[in-house]
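Each structure below is given as structure tokens.
Two complexes follow with chain A in common, the first pairing it with chain B and the second with chain C.
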Partner chain A sequence: MATIKATMPGVVYRRPAPEAAPYVEEGGTVASGQTVALIEVMKNFNELSSEREGTLTRFLVEDGDEVSIGQEIAEVDG
Partner chain B sequence: MTELLVHTGGLSTTVQDAGRDGHYAIGMPPSGAMDQYSFRVGNLLVGNSEGAAALEATYIGPRLEFTDTRLVAVTGADTPVTLNGEPADTWRALPVGPGDVLSLSPVTGGARPYVAVSGGIAVPEYLGSRSTYTLTGGGGLDGRKLADGDRLPLGATEVPPASGRPVPEELRPGFPEVTEARTVVGLCSYRFTHGALKSFLGEPWKVTKDADRIGYRMSGWSLDFVPREQPHGAGSGPANVVDLGYPVGSIQVPGGDEPIVLLNDAVTGGGYATIGTVVSVDRDRMAQTKTGDQVSFVSVGLEDALEARRERGERLARVRELLTA
Partner chain C sequence: MGGMRRVLVANRGEIALRVVRACHAAGIEAVAVYSDADRDSRWVRLADDAVHIGASSVAKSYLNADALLEAARSSGADAVHPGYGFLSESAEFARRVSEAGLVFVGAPSPVIARMGDKAAARAAAEEARVPVIPGSGPLADENAALETAPDIGYPLLVKASAGGGGKGIRPVRGAGELPGVLATARAEARASFGDDTVYLERSLEGARHVEVQVLADDHGNVIHVFDRECSVQRRRQKLLEEAPSPGIGPKLRGEITAAATRLAAHVGYRGAGTVEFLVAPNGEFHFLEMNTRIQVEHPVTECVTGVDLVAEQLRVASGGPLALRQEDVALDGSAVELRINAEDPDNGFMPTPGELTRFDLPGGPGIRIDTGFVPGDRITPFYDSMIAKLVCWGTDREQALARAGQAVSELGVEGVASTRPLHEALLASPEVRKATFHTAWLEEWLSHRE
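This part shows the complex of A and B:
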């Protein structure tokens, strides 16, 4: 099991736009390098991606939560 | 002219020097390195003049390849650094040659690492400075942050290399849990109630996600204005005043609940009440706070502000002595 950590502080969003579907649902599969969330900081939206492929078992933060640098965002099994 | 190859630009890396002073009257903010102390020490380490152009990164630094023999130093925020994949020291001059690759990892303390290279970053001057001002796209490398694949011109190295000694711990900035920002209360503090001033100075504020080189938006408390009939030209909101110049470091309070500390790339004037001004030396500290960090504003007088500036000058003089001894 690996975790995806925030590479910068900011506000985390699980979808590319307010009306859009989430990048990935809990239990869904992710490829290496696939975007799983956005982190908004300094008026920019920065993509957060998985470093490995597998199943994204769960998110450890809520949509819209403020996160600190290095905080664990999601768990990936595989 | 030799170049620095930018493999990756990092999150938001710009060319900055000591600042573009003297153009405030035309609405041009100074820009320049946000943490002047770390920036200047970086230059001293590689044998540059203190104000030579260097790179200022935010949160995630760049990966850079050298094409000739130089000295490089990383100062500012705590950031793990590698040279050709091997861990390398920060706050110390590192000799590099053609093909060497310097890589900065995301910061572990502070917010802004500086990368100084001997000879300086030799982008053309714009209004007397090489600093990047992204809002109008002036200065630096085409007026923007670095992108992957960029090539940065480097100046000729003129001075002999520095000693290679590290800057000791006590001459590096600390990154405390709550950053103290000494503040001269004014220019529009009369617009706030006694209670508002007390809560502004009494409790720490949190840095929000809207915190960049233009300004830092803070959250935490609500600040009440003294009721009044607004004068002509001020605007109708209680936070409005008749337009005035904003000193760099001044703290405007647009809505009453989220003060904004105006920093190096901020607008130079406007019509929001300003509750105080962070002294120049402590803007170095502000620059090293990041989203989610806490800042406490401490009221000081102008004499204290000047004294703090003198102390910073002495610290720099100690670094200079140490590196040339």
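This part shows the complex of A and C:
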């Protein structure tokens, strides 16, 4: 089990745009380097990606939550 | 219209506080609005009343027109001041405010719509005999672009007609690059704006960004309040501004200010607005765009003219005439504004939210600080990164810069990174001292420092 950690403080979004589908659903598979969320900090948007491939078992934050740098965002099993 | 008694300040941070103060100076009540994150802010405490408008994200608060209109209604406001950013240049918001029977402290909705459309604004400038950057109209296809490009001349820019805020702009150095850049630019424009119409514009190398402050009322008065120099910018975000521009002489100043007032009069402007120009090294100036609102850097103009621009906004919005005529506006000295942002200049200008554990502000003769924060406040990730504007006035440019250097050395910011060290370096640079910069200078200078 590995976790994906926030690379910067900000607000986490699980989808690229408000109407869009999520980057990945819980239980979905992810490839190494695949984007799983966006972090917005002061109008800058940064993609958060998984470092390894596997199954994203669950998100540890809600869509729109404020997070600090290094905070665990999601669990990846693989 | 009638007099205003109670103004809803539909913004946050230092500009909200600036408007609250202007209302109080005019004997008008001010109603602040706040999101969850801004609940205990200074501008909220200093207002006469405050309304919670929603969650922290901008879409749920400061960009939520329904919530703002409801806040105006529930608080008994009879006017709305939009500040800058957010909904300040939304023609639809201005229209809805008016339709709700409230005074919009800004330009008329149709004027906002016209000047917000790049092609329409350019056409308005041409009608008003204001020089525009040599360029094409909207281009239907690649062949049209290839035929037109030689007449405009290289280097040039491919721009998306529907673009804005610096987005959808691509440079082309020579004819060989054009087909490839065109294809990319059109695909990008289609994806970003849902419209792949592009046009070509000459790229003015080494140009300066000079803008003119205008004021207009409903009684036929249109005046300028001189110019500002805003060439020191990174990714089209200004970092250091001054008034007047050190790069133009009296003759050019006369021409550029006359052009700005001509355009404002031509479009039936009302309120405070800014006409932006690019000034080429040969002294030719070209219309860039018009901002139909108060600007971040308006204090430098206030410092060198003594004109209270927000007070004039309130006055003309309530139907009154401007308090001054053109002959009453004179330049006195020089002013510089440093934008202190919660960004780390040593780490790619990464924004750094956090708690302002220390926030010591400078003072002394000629120093004005506009900020919405006090020590202990949290700088949240939800909004832009500006935490303070250091505005420094002197009897001449040399004294203004010297005071700016002293002010920035007194400034103490801890808990978040800030652009303070960058400003210290900028003020020491020969390019800023001698005002030899242009719009691409800061990014070149930063790349050489790395």
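As a convention for this text, the second predicted complex is superposed on the first by the 78 of 78 C-alpha atoms of A that agree within 3 Å, B and C clash if a C-alpha of one lies under 4 Å from a C-alpha of the other, contacts with A are read in each partner's own complex, and residues count from 1 in each chain.
Keep in mind that, in the parts below, a residue touches a chain if its C-beta (ideal position, glycine included) is under 8 Å from a C-beta of that chain, and two chains touch if they have at least 3 such contacts.
If you're wondering where the values come from, they're calculated on a predicted model, not measured in any experiment.
**Q** Which of the two partners, first being chain B and second being chain C, lies in contact with A:60: first, second, both, or neither?
**A** A:60: touches no partner chain.
**Q** Of chain B and chain C, which one touches more residues of chain A?
**A** Counted on chain A, the partner with more touching residues turns out to be B.
**Q** Please indicate which partner A:7 is in contact with in the superposed arrangement: first for chain B, second for chain C, both, or neither.
**A** In the superposed model, A:7 contacts chain B only, not chain C.
**Q** Classify the contacts of A:18 with the two partner chains as first (chain B alone), second (chain C alone), both, or neither.
**A** second
**Q** First (chain B), second (chain C), both or neither: which does A:41 touch?
**A** Touch status of A:41: both partners.
**Q** For chain A, which residues belong to both interfaces, chain B and chain C?
**A** 8-11, 40-44, 66
**Q** Given the complex with chain C, which residues does chain A contribute to the contact?
**A** It is residues 8-11, 18, 40-44, 64, 66 of chain A that touch chain C.
**Q** Touching chain B in the complex: which residues of chain A?
**A** By the definition above, chain A touches chain B via 7-11, 40-44, 46, 66-70.
**Q** In the complex formed with chain A, which residues of chain B make contact?
**A** Checking each residue of chain B against chain A gives 11-12, 58-60, 106-108, 209-212, 290-292.
**Q** Which residues of chain C touch chain A once you look at their complex with the stated criterion?
**A** Touch residues, chain C against chain A: 56-57, 59, 342-343, 350-354, 380-385.
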